Amino acid sequence: MSFNMNSIWEWANPRKFMRWTDKALPVVAVLAAVVFVAGLVWGFFFTPDDYRQGATVKIFYIHVPAAMMAINIWAMMLVTSLIWIVRRHHVSVLAAKSAASIGMTMTLIALITGAVWGKPMWGTYWEWDPRLTSFLILFLFYVGYMALWEAVENPDTAADLTSVLCLVGSVFAILSRYAVLFWNQGLHQGASLSMDAEENVADVYWYPALVCIAGFVLLFIALVLLRTRTEIRARRLHAIELRERAENA
Amino acid sequence: MIRLFWRDITLAFRSGGGFGLGLGFFLILVTLVPFGVGPDSAQLQIIAPGILWVGALLACLLSLDRMFALDYEDGSLDLLLTAPIPLEGVVAVKALAHWITTGLPLVIAAPALGFLLHLDMAAYKWLIITLLVGTPALSFIGAFGAALTVSLKRGGLLMSLLVLPLYIPTLIFGAEVVRRGAEGFLVGTPLALQAGITAGAIALLPFAAAAALRVAAR
Amino acid sequence: MIRLFWRDITLAFRSGGGFGLGLGFFLILVTLVPFGVGPDSAQLQIIAPGILWVGALLACLLSLDRMFALDYEDGSLDLLLTAPIPLEGVVAVKALAHWITTGLPLVIAAPALGFLLHLDMAAYKWLIITLLVGTPALSFIGAFGAALTVSLKRGGLLMSLLVLPLYIPTLIFGAEVVRRGAEGFLVGTPLALQAGITAGAIALLPFAAAAALRVAAR
Amino acid sequence: MPDLGKYAGDVLMAYGATFVLLAALIWRSLARSTKIKRQLKEAEARRNG
Amino acid sequence: MSFISVTDLAVSRGGLPVLEGLTFAVKAGEILVLRGPNGAGKTTLLRTLAGLQPPFAGAVTSDPDAVAYAAHADGLKATLTVTENLSFWSGVYGGGDIAPALKHFNLEALRDRPAGNLSAGQKRRLGLARLMVTQRPIWVLDEPTVSLDKASVAIFAEAVKEHVAKGGAAIIATHIDLGFEETVFDVTPFKARHDVVRNDFDTSFDDFEDDKDGAFL
Amino acid sequence: MSFISVTDLAVSRGGLPVLEGLTFAVKAGEILVLRGPNGAGKTTLLRTLAGLQPPFAGAVTSDPDAVAYAAHADGLKATLTVTENLSFWSGVYGGGDIAPALKHFNLEALRDRPAGNLSAGQKRRLGLARLMVTQRPIWVLDEPTVSLDKASVAIFAEAVKEHVAKGGAAIIATHIDLGFEETVFDVTPFKARHDVVRNDFDTSFDDFEDDKDGAFL
């Protein structure tokens, strides 16, 4: 692997990306599997029950990482979409496309685990709590983004339109977050991760949770690399097929 | 530009109803709700602000469906793109025309419909004010959605999917102001926030919409 | 005829989503209502059956918008009119395709949305049954409305205006059955009436719609 | 297997749903990867030969 | 026996008569070419012959299931491929084989293209290929050669000739010369005189013999 | 000084190049007629010249505000009258008088008709009349004579001649002979060779000289 780092934009070269990820993907995938399994096994089998929440604290180990991923994946899509708009690097926008379905799955996982957790804790599966509600809205944004990709035939046009949507959508997602906070005070926990919080989650729960978060992040990276590689191939396949059709015509 | 504005207004009139239809939909939706929910008036009074706002929002949404699609199909959009007027201006003018033919009539009709839903007396004032402040945002956000989906056949439903989440903040603040107003609370903050959204949408979204239109024409 | 059915299904799929979009609208509508009405869950539970039915109805309505209009615009309708298949059959097949791509997914998704609105446990069964019985009527009545407005540009909103009153009986009986079911009352009569409407719509409206199409082509 | 007490159902449901969703995601990613890889290989072969 | 014949026909558009007093017949093996300036009423006449609109006066005699009509618009679905579009219509008309039509109109290379991605002339060729799969004897064609290049016009003329040679007939409105043996029918002299031709609403006023001067209007 | 010139231009449709290596220039007083069979890429080229789509490669040099474009579709609103349609476009382009255009294209008798009630050829005439009110020097026309009868074709040719006589220019794609002095440019030889022309996505694969075989794909 000889590469001279003239510019970070070189990474956006599909060929370079393919070659680099060809080597990196197996490593990341194995790492992801190990850390993911380790974190969940630790969390599920080797942590005590909470005195108040009982065994339900175990949901924490998937709920929180999934929720964090859901938000951060959208942020990543925003950045890669911007790179496409400004520098027009195909890999960038294809990465955004690949990330969307992962982000949607993460949102769904956070929603479902949250709902299941809500039953014993709040006595209801669903509550129009601000945190939950803004996740539902985020889910809609993911669905809209993916539907737009599907609906537009020309891949470059689709890339442009979805990038603009991602940009505008991000602004409105943040607006919705504040609107929703204003609308309902809610039941959900505050951010207990923050350093200055008075009452942090006890270390017994906290360390395995960190491992789980790392596992989710690694899993995301592995999947995004895999899917972006597929998208690049699909894009090239599309080009070849178009060409064949034109040659035959 | 002014030409374009008048043309859009004229077209809205000529193509069967213009002013009337957005309104008609609003009316029908608001009358459907009691059929669905049941006729209990105390019940209706509670949900009235929300239903009225949701109704106004849907009426807007449905009528903007084809804001650019018709121009795209008959070739006008290509011609407008090559014309000596900025596309951002075209979008803004069309959104404005949409607001005048749809949003404004809704504002005027809303009190009558509030009556059907037993809306609280104190809330009427706030209903009108929030609709007046909020519906322009609906038209401009809608113009963006319409521009994104202009080149797709049957884009209407996809557009709803893209636009409705963008409408949520406007809806929340609108309905919240009316509810608080009805109970005599302070409404300054949500109203100011709603006005901010409208101002932002009017200032920025024409640029996003114009970008989408240029891509679609390609 | 079977060809036409498959073509419509294929077209629904190809034009971006098919199954997904009517559903998406339903989902969004049902999520909007709490934003308008407020988050109180007891409140939501009461209005849930009505809102779900109104939502299903609107999702149907929006997606049938262009059932014939696209065929009219690109000339297919003229060609179908001169083809050796009865126009009544064409209407029935298109309405059926519409139900399969829109009504059926709504029936399947409704329970999940009922959940968001805290629908009463006992009501789920009735929600599904009434939707299953009622949505075909929505598609067939909608086909009639679409046929009436086919030749009008921007006919979408006018169509809503014509169709919604026709939807009211289906809506009333549907929501009533769910409400009664939730409270454990007898539901036989409204359910039978709703089924009657559906049967009547399927049997008779294709003829009315075909007549309207023939006139529109003239 | 740890004792999950009265919340066993909830916890297992949460884990179960997560695994199903993740498995579906991974499976679809892999399946599409294989399919596209094969199609591209065929296309490149057609082009070169 | 003629396939289609019209006697003293008047046709109208938007409630207004545009042509009147038309009488002609088309037999198997004949090609009738309609000529006339823009707005003369050719499209209106063809739509009446195809049964899409009722005659304003007079009568069209033909087997309604004998006519295949091709209009200004081609009735193509942009998202369906060329083959899908064509086999749909073939299915509707009883399931003939689409291969000959594809071959004749040089569409084989385009068979898997979505119709929306075709050029104007390619779309038109597909629209005309539809005629061949209908297997109907009378082709009623409205400016079929619009957007076609010279080679495609020749292909089309060939198709029409083959069709009539096999016992079909064709009625074609066109502004260009298609180069085959044809009967030309110029519609210009049949322009409706609006003071003479009246519709049933007008004539319903005529029943009042005692009040001819219209004073009560 | 030429009004519009293209150098080594390649144009693409749906991401695929259709024409490449085009080089020509049009000066004041010139008429350039594009020829080529259906699907050759004439429409694509004209859209690129009009600035509606970016060139795939090469460059178009022209004042972007000098081009008036007329496409396959006329951009008419069915519910507006002929006058309203025309004065709208005249307003958009700075408000020239519409009377000469109406007169030239014989539309005066139809001036208060809704455009939706016009026949195919009448619509086309109205679409062409729009060009006269734009007051722009370069006319870029895509099959302008579709649906026109012979008299209208002559009227149109007259309009083009007058326009170039007054110092304008015209680029016209057409399949028929319009009967004026013209430079004919046949696009057929410029058909893109798909193995040679590639887009930026393809070429980004080429930067790595050491790994040509693409085995890892």
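Read from first to last, the chains carry the letters A, B, C, D, E and F; within each, the first residue is number 1.
The rule is short, and it goes like this: a contact is a pair of C-beta atoms (placed from the backbone, for glycine too) under 8 Å apart; a residue touches a chain by one contact, two chains touch by 3 or more.
The structure presented is a predicted model; accordingly, all values stated were derived computationally and were not measured.
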{"item": "Most distant chain from chain B by Cα centroid", "value": "E"}
{"item": "Dominant interface by contact count, named by its two chains", "value": "B-C"}
{"item": "Same-site or different-site touching of chain B by its copy chain C, using the half cut", "value": "same"}
{"item": "Reference chain A; chain at largest CA-centroid distance", "value": "E"}
{"item": "Distance from the mean Cα position of chain F to that of chain A, given in whole angstrom", "value": "46"}
{"item": "Whole-Å gap between the CA centroids of chain B and chain F", "value": "37"}
{"item": "Euclidean distance of C-alpha centroids - chain E vs chain F, Å", "value": "30"}
{"item": "Rounded Å distance between chain B and chain C, as computed from the means of their C-alpha atoms", "value": "24"}
{"item": "Junction residues of chain B - those touching two or more other chains", "value": "15, 73, 152-153, 155, 158, 161, 164-165, 168, 172, 218"}
{"item": "Shared-contact residues (touching 2 or more other chains) in chain A", "value": "137, 140, 143-144, 147, 151, 153, 183, 233, 236, 249"}
{"item": "Interface hub residues of chain D, defined as touching at least two other chains", "value": "40, 44"}
{"item": "Chain A partner contacts - residues on chain F that touch it in the complex", "value": "14-16, 18, 39, 192, 194-195, 199-202, 204-208, 211, 216-217"}
{"item": "Of chain C, residues touching chain B in the complex", "value": "15-17, 21-22, 24-25, 28-29, 32-33, 35-38, 43, 46-47, 49-51, 53-54, 57-58, 62-63, 65-66, 70, 73, 152-158, 160-161, 164-165, 167-168, 171-172, 175, 179"}
{"item": "For the chain F and chain B complex, residues of the former touching the latter", "value": "47, 50-54, 65, 67-69, 71-80, 84, 87-89, 91-94, 130"}
{"item": "Chain B residues within the chain F interface of the complex", "value": "2-4, 7, 10-11, 14-15, 71, 73-76, 78-85, 217-218"}
{"item": "Touching residues on chain A, where the partner in the complex is chain B", "value": "137, 140-141, 143-144, 147-148, 151-152, 157, 160-161, 164-165, 167-169, 172, 175-176, 178-180, 182-183"}
